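What follows is a pair of complexes built around subunit A, which joins subunit B in one and subunit C in the other.
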Partner chain A sequence: MNSHHPARAGLAASLTLGLVAALAACSAEAGASSEQSYESWDEVVAAAEGQTVKLWMYGGDEQGNAYVNDVLVPAAAEQGVTLEQVPIADTPDALNRILSEVQAGETDGEVDLVWVNGNNFGTGKEAGAWECGWTDLLPNMALTDPADPLLLDDFGTPVDGCEAPWHKAQFTFVYNSDTVTDVPSTLDELLDWARANPGRFTYPAPPDFTGSVFVREVLYSVSGGYENVPLAYSEDAFAELTPTLYDELTDLAPSLWRGGETYPQNSNELNELFANGEVDFTMTYGPATLTELVADGTYPAGTKVLTLDEGTVGNASFLGLASTSGSKAGAMVVANLALSVEQQVAKAEPDVWGQFTVLDLDQLSDEERALFEALPSSPVVPSYDVLSENANPELAAAWVTPIDEAWRAQVLAR
Partner chain B sequence: MARSGARAVGTTITALDRQAAGVSPRGSRRWSSIALVAPAVLIALFVVGGGIGFSLVQSLGLLPLVGEASLSLDAYVANGDDLARGIGLSLAIATASTVLSCIIGLTAALVITQGRSTGRLVAGLSALTIPIPHLVGAASVGLLLSDAGIIPRLFGIPGTEWPAIVGGTWWIAVVLEYTWKESAFVALVVAGVLASRVARYDETAALLGASRARRLRHVVIPLARPAVIVSAIIIFVYTLGSYEVAWLLGRPYPEPLPVLAFRLFTSITLTARPEAAAVAVVTTLISLAVVALGMAALRRTPLWK
Partner chain C sequence: MTMMIPYGQRVTPDRQATSRGLMRPRPVGRAARIILSGMLALWFALPLVPLLLWSVANRWSFPAPLPTEWGFDGLGTALAQGGVEAFGRSLLLSLAVAAIATPVGAMAARALAVGSVPAPRLVSGILLAPLALPAFVAVMGLTVVLLRMRVPAVVGVLLLLVAAALPYTVYTMRVTYAAHDLAFEEEARTLGASRWQVLWRVHLPLVAPGFARAAFLAFLVGWSDYVITVLVGGGTIVTLPFLVGSFAAGVGNDAIVAVLSLSAIVPPLLLLLALGRFGRRYAGGTRTPSASPLARSEKGFL
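Let's look at the complex of A and B:
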């Protein structure tokens, strides 16, 4: 974007045209997506030997980074695969990289696996960013429930074997019980609490992942429950349902932190405000990390999870395999490893990462089930069964961008 | 002795300049000099020309991620409001940062060229500032001046009473960060120019009876002007196109052009890429216009030869 030598641009015109033509020629081949060519798991394991797999994932979660680097990476090394974590600020960075590589016709790209779900997955699937139909080969897929709706559809987009399940998440509100004495029990009451306590509540600005789901939760609430919002997107439903949503959020804005003049840019900023005692609520898709944050004193000792009567949104996140990856077999071995009982238990350990498992406990042997049951319970976070009670489904990915963009235009830019 | 040595070096440089510019009378030497410059020019052309050309083609809808390529200006219109606000905001931030940097930098340069110990101290501070990346500067400003930052905590001021320097309506932290770093840049560039010329002229003017104020107005500032203009162009164009400081210390709305471009570029909507390219092209056009204006101003200064 910086052009310190722009005077030469005029001279460059003819050369540029030639260059662009060459680049355009490269991208013309991009459409050819490579079908995975492995017939059996043994073939995959053999091909994976010695491959290096780059896992692109959100790098802002220290526990997540520690789990991958201290637990998953050594386990992959035992299977002959070098796993490298590439921490990124936001998942679209990875998707964007794959799409650029697709555009350039790259076949040994920088991205192999991506921690992904929701509209990043949906958009990527539409644009040919993901390798599909490979998860049937993974032996550990047998440990999951084949009928689990969270694993069949990702924000309304059929998974179709284009990504392997990794863990489940439950959107959760968190409050400081030292300062919040009149605890709300529905989202509507939470918004009333915010109005009664000006400056003590806010939410991250969409398209931040957490801010975005908060706005969808409010949509459910003002529509009288998720049953009244069609999960598949249509312009009619959008036009009918969202005016109430934006009226509500515009009305709420003056009661927010800094009078709604601005919003935290991402969930990290909101978490900081909560940690500093500037607001009394925060929110997260990964409640399991709270235990550690309270234990190490980052969050106030009075931190508690707020369960809502009407439930909150739950989803699963996945490992997507980039269509431009040159280490597909290695990536499959890692995805299968990540689904193993050993790894899922380790990851569910609150001290490690505390992520909820995607495995179906009924499919496991007694000893394996006992490993999950032996996980310590947290003083802060209720178990997944409690958290996911009345869990609401995610809206289709096609809803997300229109909702976020209209929020920018109508609430942020008001 | 020293002076004649400097002159000798000066003559050599001028000769080299002429050679490089192809003014040499003999044709063969001209071609060989072009051949010598060619690698640098080609790399610049590849990066600058290629980048701008690619953005331009993409912004015109000729390189879509999905679907058919068709020539259109849709990408320029799609975010009309955001784009207009972004232009205004970016120009305001760049202007404020450039003006403040030039004033502070020029003052610092004058202190430096006085040659006393304060001058050495200021020169040292300026030189220290230069290698610190903007990103580190921005993070430091955020840690110090945000409402939960170190300074309000040190003075025990609660976040609600601390002015919104970071993420506030006036983008104060962003301008402060740019000014802190770029004024040091101006100081060093201008001091370098003044040090080589000013003493002689200043002494002559003083001998002829000119007061301090007159010397400043008629000798020092005119001598510094070309260097200040060149620095101003660089700072303006840099701050206009720089992303990380505005993103870290700014607010989600409105967005300066680079932040808008980056958000669109990384948007999960597939059609947003041409829109991002359009914002980048607009930023480049503004930069080109500013450089043209700056060069015109430079040509009008009597000392620019």
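Let's look at the complex of A and C:
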């Protein structure tokens, strides 16, 4: 469900992550810088022959695992690269491993590629976890839009060729149309709906990734739109904009599930509440899996996507190349392969994974574009154009922690 | 073993207490005990019921009390996602941890019990330290050290898991050795047995139940670890907790998680049952120190 796990972070994990990041930054000279650099794509392909690449990724998404193992792995094998998936519960596990390897000066580490974005990418970039400046070499990067803001910045951290785009995500509200008859069309109306239907709405407690973005959505809403919130963090902007946010959320709290006494600890718990009909709304960064969850009966048959007039936050997730990898050429071949039309189409297939493509359809030939246009539409999830209409940009990662902490102090402890 | 009667009587409960019937099973107490153990069994079994049901449910939509579609999709996916391989790796890893941590823990415990260790309190403290330290914190620092020393991932995992298991094996074996009577070994020595004979024929059989308990605990440490296997193993050893953890972090995976969790319960359960039988066999025999009058008297003196 949360196919956007790359940025989820357990509290303990992120705490230690910070510690290690600081340590790693101190001993940056020990960090493994790449010994070989490649001049041309042909050199990369030649060097990649026979390499084994380990892709660390959140493993809780059966469709995601199946796509990688059944579609991407065989395609990589055709190019002479052995791809192995390492399924993990949370992306910081991978980052922690890389940072340990960076500290130890490892040059043939156990992590090659990581499905990553947001905070994990930013923290890792500061600590030298990622190999940078390699994505220009990938021939398939030409299929993306070089000016696409989602591919240039990852939560305010410039991508700088330190990760290759993989797919796009759109924050999405989901509701049960059997029980919600007066469907809200803006976030403000959604909060009013929650007040009018006490106990039927809630959100995961930040710092859960999904709960955290919900709070930022409310910030956009109470500020009169994302245009009024500077994307780069400043204490002044925080002091000016957030009092209205917390007033709104404190006022909303008594109308939430269990009177706002408690919140779901993570998006998974909220999804369970929704699946069990205890609340009428859930929210996710990965609407792709909704189709399957309705089809297999986990979610109610009346499950529908709620599109908001002012739009919602959208972002992209990426494949990061570990600076400690000993199979960089192989990893680049896999990243390039993952960007190919065939792979992006296969991955967008709702039966396979249903992830939105990062390719720019205008750069494709007519036949290639036809492949994307021929994708079956889902009875539950509208197409990416509809979902991403009026897409809002993500605030810089520096906003996230202060907003989450103030939420704890002011809304949770009210 | 019939020679140590004199001390035995000292710890026998006095007649008055026996005549009051404290030691004799009373019908009411017996019924209460049966009810209590029944409820305890229920307490342990209840959480397993939904797990069992989920493992054979293709679809179970809320609020249906039973699965709405039965089937083996969960099993199929668990197999397709490398469940069997992960199970095998987990088993090998845990057995290796038990095989190393148990004798090492036993030797440390014996040395401590016999009193041949300088500063025994400090040494016990160090041996128990891994219990107090959150594994995550310890592992973060140690991973770097192990990487610098070029220790292969598998060896590193094994080393750290053994260290994590040692507090349990040392503690269990200390309890065992506290109740262990060295006189048996001395007796055997004076009768002319070699060191090895003493070890194999006298010592080990006497401490076997404690040894088995310690091995079981060490096995559990290896069986349930996630953090060390992920960070130190660097993804080279994908174990069962690895798969359970990653699937449990997603929605709609209940059937897979149920199948994996059930398979994760089976080996410890089997071992526990084996341990119970093993323990009873020894306790019922005449060779165990706890059944001998001398040992009882020894305990009485302690």
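Basically, the second predicted complex is superposed on the first by the 379 of 414 C-alpha atoms of A that agree within 3 Å, B and C clash if a C-alpha of one lies under 4 Å from a C-alpha of the other, contacts with A are read in each partner's own complex, and residues count from 1 in each chain.
Quick note on the criterion: a contact is a pair of C-beta atoms (placed from the backbone, for glycine too) under 8 Å apart; a residue touches a chain by one contact, two chains touch by 3 or more.
On a predicted model such as this, the values are computed, not experimentally measured, just so you know.
Going by the contact rule set out at the top, does A:Glu272 touch subunit B (first), subunit C (second), both, or neither?
Both partners.
Taking the superposition as given, does A:Glu261 touch the first partner, subunit B, the second, subunit C, both, or neither?
first
I'd like to know which partner A:Gly109 touches here: subunit B for first, subunit C for second, both or neither.
Once the two structures are laid over each other on A, A:Gly109 reaches subunit C alone.
Classify the contacts of A:Thr401 with the two partner chains as first (subunit B alone), second (subunit C alone), both, or neither.
first
After the superposition on A, what does A:Asn119 contact: first (subunit B), second (subunit C), both or neither?
A:Asn119: touches subunit B, not subunit C.
Let me test your reading of the model: by the given contact rule, A:Val386 touches which partner, first (subunit B), second (subunit C), both or neither?
Touch status of A:Val386: no partner.
Considering only touches as defined above, state whether A:Ala127 meets subunit B (first), subunit C (second), both or neither.
In the superposition, A:Ala127 contacts subunit B only.
Looking at the overlay, does A:Asn96 come into contact with subunit B only (first), subunit C only (second), both, or neither?
A:Asn96 sits against subunit B and subunit C alike.
Of the partners subunit B and subunit C, which touch A:Asn65 in the superposed model: first, second, both, neither?
After superposition on chain A, A:Asn65 lies in contact with subunit C alone.
Identify the residues of subunit A that lie in both the subunit B contact region and the subunit C contact region.
1-2, 5, 12-13, 16, 19-20, 90, 93, 96, 103, 272, 276
With touch defined as at the start, can you tell me which subunit A residues reach subunit B in the complex?
On the subunit A side, the touching residues are 1-9, 11-13, 15-17, 19-20, 23-24, 27, 90, 92-93, 95-96, 99, 102-103, 119-120, 123, 126-127, 199, 205, 207, 258, 261-263, 265, 272-273, 276, 278, 401, 408, 412-413.
Of all residues in subunit B, which touch subunit A in the complex?
Those in contact with subunit A are residues 41, 44-46, 48-50, 52-54, 57, 62-63, 65-66, 81, 147-148, 159-160, 164, 167-169, 234, 237-238, 241-243, 247, 251-254, 257-258, 261, 263, 265-270, 280, 283-284, 287-288, 291, 295.
Mind listing the subunit C positions that touch subunit A in their complex?
My answer: residues 58-63, 68-69, 77, 80-81, 134, 136-137, 140, 143-145, 147-148, 153, 226, 230-231, 233-236, 238, 242-243, 245-253, 256.
Touching residues of subunit A toward subunit C in the complex: what are they?
Contacts found on subunit A: 1-2, 5, 12-13, 16, 19-20, 54, 56, 58-62, 65-66, 86-90, 93, 96-97, 100-101, 103-106, 109-111, 268, 271-272, 275-277, 289, 292-293, 296-298, 300.
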